[in-house]
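In order of appearance the chains are A, B, C and D, and numbering begins at 1 in each one.
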Amino acid sequence: MGRKYAIIGVGHVGATIAFALVTKGDADELILIDKNEKKARAEQLDLKDATARLETRPKIKIQDYSELADTDILFVTAGNIHALDHASGNRWAEFEYTREIVKDIAPKIKESGFHGVLIDTMNPCDAISQYLQKEIDLPGSQVLGTGTFLDTARMQRVVAEQFDVDPKNVTGFVYGEHGESQFVAWSTVKVNGLDVIPLAEARNINLTELESQARSGGWAVHSGKGYTSYAIATCAVKLSRAVLDDAHLMCPCSSYNKKYDSYVGQPGIIGKNGVEELIDIPLPDEEEAKLANSAATIREKFATM
Amino acid sequence: MGRKYAIIGVGHVGATIAFALVTKGDADELILIDKNEKKARAEQLDLKDATARLETRPKIKIQDYSELADTDILFVTAGNIHALDHASGNRWAEFEYTREIVKDIAPKIKESGFHGVLIDTMNPCDAISQYLQKEIDLPGSQVLGTGTFLDTARMQRVVAEQFDVDPKNVTGFVYGEHGESQFVAWSTVKVNGLDVIPLAEARNINLTELESQARSGGWAVHSGKGYTSYAIATCAVKLSRAVLDDAHLMCPCSSYNKKYDSYVGQPGIIGKNGVEELIDIPLPDEEEAKLANSAATIREKFATM
Amino acid sequence: MGRKYAIIGVGHVGATIAFALVTKGDADELILIDKNEKKARAEQLDLKDATARLETRPKIKIQDYSELADTDILFVTAGNIHALDHASGNRWAEFEYTREIVKDIAPKIKESGFHGVLIDTMNPCDAISQYLQKEIDLPGSQVLGTGTFLDTARMQRVVAEQFDVDPKNVTGFVYGEHGESQFVAWSTVKVNGLDVIPLAEARNINLTELESQARSGGWAVHSGKGYTSYAIATCAVKLSRAVLDDAHLMCPCSSYNKKYDSYVGQPGIIGKNGVEELIDIPLPDEEEAKLANSAATIREKFATM
Amino acid sequence: MGRKYAIIGVGHVGATIAFALVTKGDADELILIDKNEKKARAEQLDLKDATARLETRPKIKIQDYSELADTDILFVTAGNIHALDHASGNRWAEFEYTREIVKDIAPKIKESGFHGVLIDTMNPCDAISQYLQKEIDLPGSQVLGTGTFLDTARMQRVVAEQFDVDPKNVTGFVYGEHGESQFVAWSTVKVNGLDVIPLAEARNINLTELESQARSGGWAVHSGKGYTSYAIATCAVKLSRAVLDDAHLMCPCSSYNKKYDSYVGQPGIIGKNGVEELIDIPLPDEEEAKLANSAATIREKFATM
């Protein structure tokens, strides 16, 4: 009955997801799990202290993997430290740290009987998502990474600021790794319904510079607050609603692409089974090559796992 | 046009208020100010990165006190470190630190021409609110502290858990200082419409123990996550909506009580002018004495400022 | 997965419930059933036409009773015509009409395998709820009528206007029939935490007059717009959220009271099983007598069904 | 302070707008005006009766044009009867009726000192919007009609159903009159980021048939429920938020196009001044001709006013 969410890892991202679900009244039931039990308990308590001032009263429980058996949506957000190699902006530097976490978590998820949709925000996002899918042995569609859903939002913000419009006026996608090898597929991008490439040319706007701003958006936030939380949590929650509503909403995110035998970011259709379908928008050769290259990067790094 | 909010201090509490306003679509315009400009910019960027995934697009600006001139609601949330004297649970320990912050902020608010309602979450909450009111020289009603609005929410949570009900089934108030001398006015508390005192007696429930849990609720959260954020932010946002709607909603909070010549927590009517009216619920002598004592504590500490 | 609602009867009340669920993003799945299939299809279409402008995309289906098998919440709102005996304000006048509707609906609900919580808004509310419970043979807790939840909201509005405060400052309950024999239990009513009876005396406020305004509130709306919809729909939706969250929220509503062997309005605790518990607030003899009388009225009318 | 809305005409559309604003907590203040004062009072009462069950308490007043002086958003929704020439689907048939209403309303709006943004939903939408702009003498940007914002939503729904996706996956626009001469600019339409024209060809989908379904969507709803309300109200509310947030959101709607010397539906940028800018997406000659023709239809009909 109702919407049941769980969050493994209640650091900044996980706790913000929890707060968003509670403050918007989205969740009916919410399970918080963290390797630091005191942290999980504190977040539970802080959220419960808010209940008297909220319209609704979601159930909030902690630390119980068995609750995953009938959970609709599981967010995996452990270890988003973004801290190890900040100078280079290299999310792979987190890998050594995060894969240990995941090796601990995955069997517990599998054992719980969880059969909902898993949304992963950990870094390196594509590799961790793939690892989780393999280890938990859920159908491929049911494990997805927020990946380029966030990078695309940043691209929309950067382009929108340039043109002084709502980011929602900007359509199109970032593809590839949620990391350095990602790229904006400018051939897909429109502003106010107009192709961005000629618009940018006409106005002497440097798209490569905008792409760079979008790619480094997370590090810009990180350098000022020490982590990122609001945009990534908002993206994760948005994906979860598309699953719960079986919305068939198109979102770029990280999922398994057979062509590259790898998780990688590209547009997909989000429904009750997770990524119901991948959308192959024909890309110019140059962009196709970038996508292949980015997928290869992920695949190679994954192989070292 | 629309709702214009500002937040001075975008630490955990201020940033969470900002996120709540943006994620719920409450704000049309939002000004973030922090002594650490990089932090303000990072929060602005993180919120803006979320815009492509949200239904609305509030304007978010930073660091400009002149924007306060036509701001409806100003949250002052700087320096909620809760860290100096954690062992003793003494919010006054923050005073030496926070009053310096306030001495810097207050003249800038005054100079901006701000004439909306100021909601203060800083600690010690009652004293800081009083200081802000005096220094900015706004009408007394227009400066209020979240104070016992949060403590009351915690009391509702603690009592509700005991009786396995929604905290919204628990009515009644915590009075006094947002600090150690606060108390639950048990004479005002009902659960499911029934007086809690006889209920507790019948079930051998120790109300003193519950009061202690409520009072130390903040420290329980703090000890697990290093700060408190979700409940306090939710309380602050709730007060702000009562102001914007001119709702005349009764909320316990910190405001000036002539009888005690001090800010102190008691129920008030929240409307467009802030605390429109104080509500004097007749209390038993013992509770009246506790309130007088708590107000005296605040007054004395304030005098040392 | 997610929240599944169904509505039988998409007249003004049912359609407004549907719109509220969709516009607030509460529903993940929504089934609309009406004896007028064209009306159901038109409401479905009108709601679907809104989807491109909403944040989410609930699934909306029509006319399929088999969908009730895994529905969480079923609203029964057929035949709220409020039209037959408007002059007398007599909801029993609708009975002859509505019981025929219910005799048609109940077996279909039973056959569907529905085992969620049924919320009835039809009139006469108490009798129809009781009939539905009996015919569908659901556990008693799982069938409830909005009953005095709406009447109490009207009482709160009427009292609040008198004191110029938010209706949420007014606590206390209307008891009895959702009809003429209902009464305000003034002994339970507080405004701003203060007993209303002495307050009213001190200000020469005629509580009998206020009670009369509350009781006739529905007719006042009806006479101007031909039906009532917004408050009743809001009440129904609020009850449904308390069920989905298993909130244990106290709400006055119509449910089975063994003492009177009848459905009748009194405060209850709303959770995942519907009315989890009745709350017996000790009432003065005069109010107890009114409640017994109101229950008797319902019981007698029900017997004629 | 806060968001102030007014609605002239509280028939099905106007009342639904009011309910949406109140139930979502969007409005801080709401003015309802109707030539039938009893209707306005009934809607006010029905909404106020809901307040005890809502999180917030917007102020709701009725029948006072002087309140428009500081109103942010004015919805004009009088006389949406959609009834005079249903068989032919001809909104112009309403013109004779609605222009009389508007002739009465316009001077009162002008006299009130209203200087916010006026959103018109009346039919024929383009002509009425133009008339209101001329008579009230507001800057052209500040008077807009919902026009093809709704038609575009219907096109998105129709195309989305064909491809089994969320209507939000469908981009592109309906242009022209909110009436028979409107057309889908298929050259602008994409599904899942892919041009719809080749997609439709590949799947033997008849776009002309889809266009016809979109155009007649309103009549389909009307024939089943006697009016349309939910989608149009949702569109109007969405436009209002873009104004309040100064979002610079691109929305197709009816506004003045100098090229055609007429109000007509095309994409525009919605901000605090209403339609801040028109977006000219290059259209194939055939579509340009349809737009010119549709504008001419409106202009000619307007001349007879």
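Here is the rule we use: contacts are C-beta pairs under 8 Å (C-beta built on N, C-alpha and C of every residue); 3 or more make two chains touch, one makes a residue touch a chain.
For clarity, every value in this text was computed on a predicted model and none was experimentally measured.
More C-beta pairs touch across one of A-B and B-D than the other; that pair is A-B.
When chain centres are set by their Cα atoms, the one at the greatest distance from subunit C is A.
Once the centre of each chain is set as its mean CA position, subunit A and subunit B turn out to be 34 Å apart. One inter-chain figure worth recording: subunit A and subunit D are separated by 36 Å, centre to centre, where each centre is the mean of the chain's CA atoms.
Centroids of subunit B and subunit D (each the mean of its C-alpha atoms) stand 41 Å apart. In subunit B, the residues that reach two or more other chains under the touch definition are 55, 57, 166, 168, 242, 247-249. Interface residues of subunit A facing subunit C in the complex, by the touch rule stated above, are 1-3, 25-26, 28-29, 55-59, 72, 116, 241-249, 272. Looking at the complex, you find that subunit D touches subunit A at residues 55, 164-166, 168-169, 171-173, 188, 192-194, 242, 247-250, 267, 269, 279, 281.
If you check the complex, the residues on subunit D that touch subunit C are 15-16, 19-20, 22-24, 38-43, 45-54, 57, 149-150, 152-154, 156-157, 160, 166-168, 170, 217, 220-225, 228-231, 234-235, 238.
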